[in-house]
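Before I ask anything, let me first share the structure, which is written out below as structure tokens.
Labels for the chains are A, B, C and D, by order of writing; each one numbers its residues from 1.
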Amino acid sequence: MNRLAIELPGLQLKNPIMPASGCFGFGKEYGRLYDLSKLGAIMIKATTLETRFGNPTPRVAETPAGMLNAIGLQNPGLTGVMENELPWLEQFDVPIIANVAGTETEDYVEVAKVISTAPNVHALELNISCPNVKAGGITFGTDPEIAKELTSAVKAVSKVPVYVKLSPNVTNVTEIAKAVEAGGADGITMINTLVGMRLDEKTGRPVIANGTGGLSGPAVKPVAIRMVYEVYKAVNIPIIGMGGVSEVTDVIDFLSAGASAVAVGTANFVNPFVCPTIIDQLPAKLDELGVNHISELIGRSHRL
Amino acid sequence: MNRLAIELPGLQLKNPIMPASGCFGFGKEYGRLYDLSKLGAIMIKATTLETRFGNPTPRVAETPAGMLNAIGLQNPGLTGVMENELPWLEQFDVPIIANVAGTETEDYVEVAKVISTAPNVHALELNISCPNVKAGGITFGTDPEIAKELTSAVKAVSKVPVYVKLSPNVTNVTEIAKAVEAGGADGITMINTLVGMRLDEKTGRPVIANGTGGLSGPAVKPVAIRMVYEVYKAVNIPIIGMGGVSEVTDVIDFLSAGASAVAVGTANFVNPFVCPTIIDQLPAKLDELGVNHISELIGRSHRL
Amino acid sequence: MILQDRMVVQSQQQIAQDIFEMKLTGNLVGEITSPGQFVHIRVADSFEPLLRRPISIAAIDQAAKEMTIIYRAEGRGTKVLSEKRSGDTVDVLGPLGNGFPVDEAMPGETVVLVGGGIGVPPLYELSKQLTAKGVTCIHVLGFQTETVVFYEEQFMQLGETYIATVDSTRGTAGFVTDVLQTVDANFSMYFSCGPMLMLQAVQQMYPNKKGYLSFEERMGCGIGACFACVCQTTENSSKDYVKVCSDGPVFPAGVVAL
Amino acid sequence: MILQDRMVVQSQQQIAQDIFEMKLTGNLVGEITSPGQFVHIRVADSFEPLLRRPISIAAIDQAAKEMTIIYRAEGRGTKVLSEKRSGDTVDVLGPLGNGFPVDEAMPGETVVLVGGGIGVPPLYELSKQLTAKGVTCIHVLGFQTETVVFYEEQFMQLGETYIATVDSTRGTAGFVTDVLQTVDANFSMYFSCGPMLMLQAVQQMYPNKKGYLSFEERMGCGIGACFACVCQTTENSSKDYVKVCSDGPVFPAGVVAL
């Protein structure tokens, strides 16, 4: 028996660890460092209908125990991803979760329709929470009604289960979670980045050319854990948790709060081997916690 | 000329540095370490109508570059503050900003009416954003209409200018800011803490007995700066900024984003002399930035 | 007076599994008034770990302006502290709180000092001061297991010393209370520091003895301003609540609601 | 191959105001393929500072498995790095990126190396490799002021070396371009590393020369995955954009839109 295996809609995960979207490109770079088949899944960079260059640089800034980014969804567009990126990833025994972004509902629907037909795409992740694009993105993630409609529209065309990625920049995250569940979402991924800003100490100018950026990394983990905890109580679909995961104990925390699997973003930049390292450490951690199968940890904070 | 003096409704600040509410008690403890007359002002701990014991312990937990707290507004109640705390503070040449909290509008009104008559209370800070009490607190801070009404009600009875303390746990902070401005607020203080959670790695249990707590410290600074920046553009009343201020450069950042003064919270625990240290460092910092008077920095990020 | 002192590490030594003994010099030492007081240590200039760590003062050498602390390096902060080497400096705030009342015990009396795990360190300076004034100290020290036992010899040099280990790898099998059963109850007062459950058990065992207990609670400021470390009191107490950092950490038995 | 190597600090030395030279040993050195490659350094195990710092490789000693880096300790991260002492270890990711093409210059040719500030370090290993194969190197190095000038002697040992300081406290008054006006234009190609404005000026000065420029950009991953360090390209380029970390940091003149 595989003590780390987790089954989720569309996803047979050999372990619950996957790189988060935007922090792993389309896998090529990290694939040079280790065998990607080791991963539970891969969340690839956001794909939009057209090629996007993204925002001007600087696009990243460091903050205390975190970072801001405003990449602006740079990606080679649907065709580029379908023709160059996904086929390359087929060589690995790893399910792909395709992060789908857009400006209009039609963009999402169009991308979802096509990308969900790729043989190795086992699930979609609707990015309704990107704070770094002028139109679309986060606006879909802050209004429950709009979030629900978008989810339904994408569900109607997708060949694979649809996960919706929630924004933490809301007054009531459970409201949005319930809305996307009502819209037919098969799962939830959370959290995307918190909107933040860093100013240059000398000039007062925002360090990030875009002005604001999305805050990620260990700094946001307490907010992410709180939101996963709240959403777990509010919905009946599984959650893939993220936000500051850097060490094996962080994974335990997210599972305890209610996540069924965990994504690792920023930590890949700090330690490019973080995902395989955590995966290797998990069995010993389960022993330490006296747990036989990792699924026993899911939501344990709620059962105390 | 005092290069650091700032004038705000009700407040003649000899410098724009003040300890944040809840992080300085009623001054007695820090008053043993240095002369409180050195401070621009003091924001005293939240005062409620009745004595409150607060939440069970543990009440604090460390997080990456931050901390969670759920003190639960422990305080000796209006009478205790009026009789024991405020008179003691009169020996210092420093204006007091009284942080007012409650469960019902009537509580706020009652406390405001009385506490605003204390000779050294030069302004009130309405705490509509405390995440650590079951009723009241944050609920007043997430609904613009309710926030506006509470502000008006308190304004009607207060003998001194009223500042309203905003919660960062909202989708749109400018909406609340505009509402309290419309309600007659003389100024805004921001941000209060972000709701977060830490779990014990061994048991999965929340470390804080209350479950969730308020996140503060350097980790939240990017969120605070972004929100001050947004609110500065949206309102015409002054802002006292806070969230992660630990060093003199943090003060410059908050002023640049649009704050007219700055409060220091968590950093007092890390360095009990942080406020006087920053005050001493400000003049050299102004020289370095080529600025004559500190007020020139206010909002400079918007003028680039 | 409370000082924020950049103290200099004179030595750092591992004395048991995960247990370190560190000697620090600085002006702060001159301000220490009683054993059982503690210091609040910033382990690094970084913002992570952010908060100070409260650690008891385990021994004082006023002539050398030196104090000893003994701590378990387990979490993030104490691990960073354990990497300091002699010559490094550490940002220390203290002395904080009110320690054990040495004056309460009279020369010739016998007292019992009961420590558990990392509650043992402050009892060492306490015992030094008590024995120096002619009080006979009996030490009852409980640990999880043999590998984490420390300072047994040092305590033996000051008086009778009994060790208990939970897993029976050293001394009496079980808890300090198992040792206490065997200790002649003819002592005038007890002093105790250790986990809450131990303090509870000790206090319960001697309802009619004078005793002083040192408490632990999560702290923010360490000086009484933030209300993080508040404990509820019993009905017999004159206060509604106490702060461990500034009213304690040592309280007479019966004050804090257990 | 890119390694994540726990390298050992052999020496750390301040060589000018805020400028440090650090020598590190480890297996990573064996993977370095060209001067101008860089490493991505995690300065502490703490989460603050969080991100790695990109620093150029300034010299390589394959026999000793040793590399030299030269960096300015100005911000939070580099300051922490500057506190490392010999014997400490540092988490280094590298070698990263594509360096200067040493093969492009033929023995007997003369080339010009133009460096500015902390862009100077990678030119040192470049010059060592070029001169070793018989290429004549002219070094033009610009600094803000005298107190931050470093490695002048080392460069002089390899070839003609001109210093410019903005405040005219050392060498030619002004910028590297002021020196370049006086350098015989009869060289085959140039190599440059330094601030963007300097690279712009140098490229503009020699529109018809072959040249290689090394760029700086804020980085996340350092290996090409996060799209933080993207630069727009000119129309003449075959790519729409380039990543400084993995496509660069060295690009032929004319590729990156300046």
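Here is the rule we go by: a residue touches a chain if its C-beta (ideal position, glycine included) is under 8 Å from a C-beta of that chain, and two chains touch if they have at least 3 such contacts.
Note that the structure is a prediction, hence the values are computed from the model and not measured.
Chemist: Tell me, which chains sit next to both chain A and chain B?
Modeler: Looking at chain B and chain A together, the chains touching each of them are C, D.
Chemist: Farthest chain from chain D, comparing Cα centres?
Modeler: C
Chemist: Between A-D and B-D, which chain pair shares more contacting C-beta pairs?
Modeler: Counting C-beta pairs in contact for A-D and B-D gives the edge to A-D.
Chemist: Please compute the C-alpha centroid of chain B, do the same for chain C, then give the distance between them in whole Å.
Modeler: So the centre of chain B lies 36 Å away from the centre of chain C.
Chemist: Centroid from C-alpha atoms only, then distance chain B to chain D, rounded to Å. What do you get?
Modeler: About 46 Å separates the centre of chain B from that of chain D.
Chemist: Taking the mean of the CA coordinates per chain, how far is chain C from chain D in Å?
Modeler: That gives a centre separation of 54 Å.
Chemist: Listing for chain B: what residues touch at least two other chains?
Modeler: Only 63-66, 217-219 qualify.
Chemist: Name the residues of chain D that each touch 2 or more other chains.
Modeler: 47-49
Chemist: Should the pattern of chain-chain touching be classed as line, ring, star, complete or other?
Modeler: complete
Chemist: Which residues of chain B touch chain D in the complex?
Modeler: Those in contact with chain D are residues 64-65, 218.
Chemist: Once bound in the complex, which stretches of chain C touch chain D?
Modeler: 44, 46-49, 80
Chemist: Which residues of chain A touch chain D in the complex?
Modeler: 22-25, 28-30, 32-33, 45, 51, 53-54, 57-67, 69, 71, 74, 217-219, 246, 266, 268-273
Chemist: Note which residues of chain C are touching chain B in the complex, please.
Modeler: Chain C residues touching chain B: 1-2, 4, 42, 47-52, 77, 93, 217-232, 240-241, 246.
Chemist: For the complex, give me every residue of chain D touching chain B.
Modeler: 47-48
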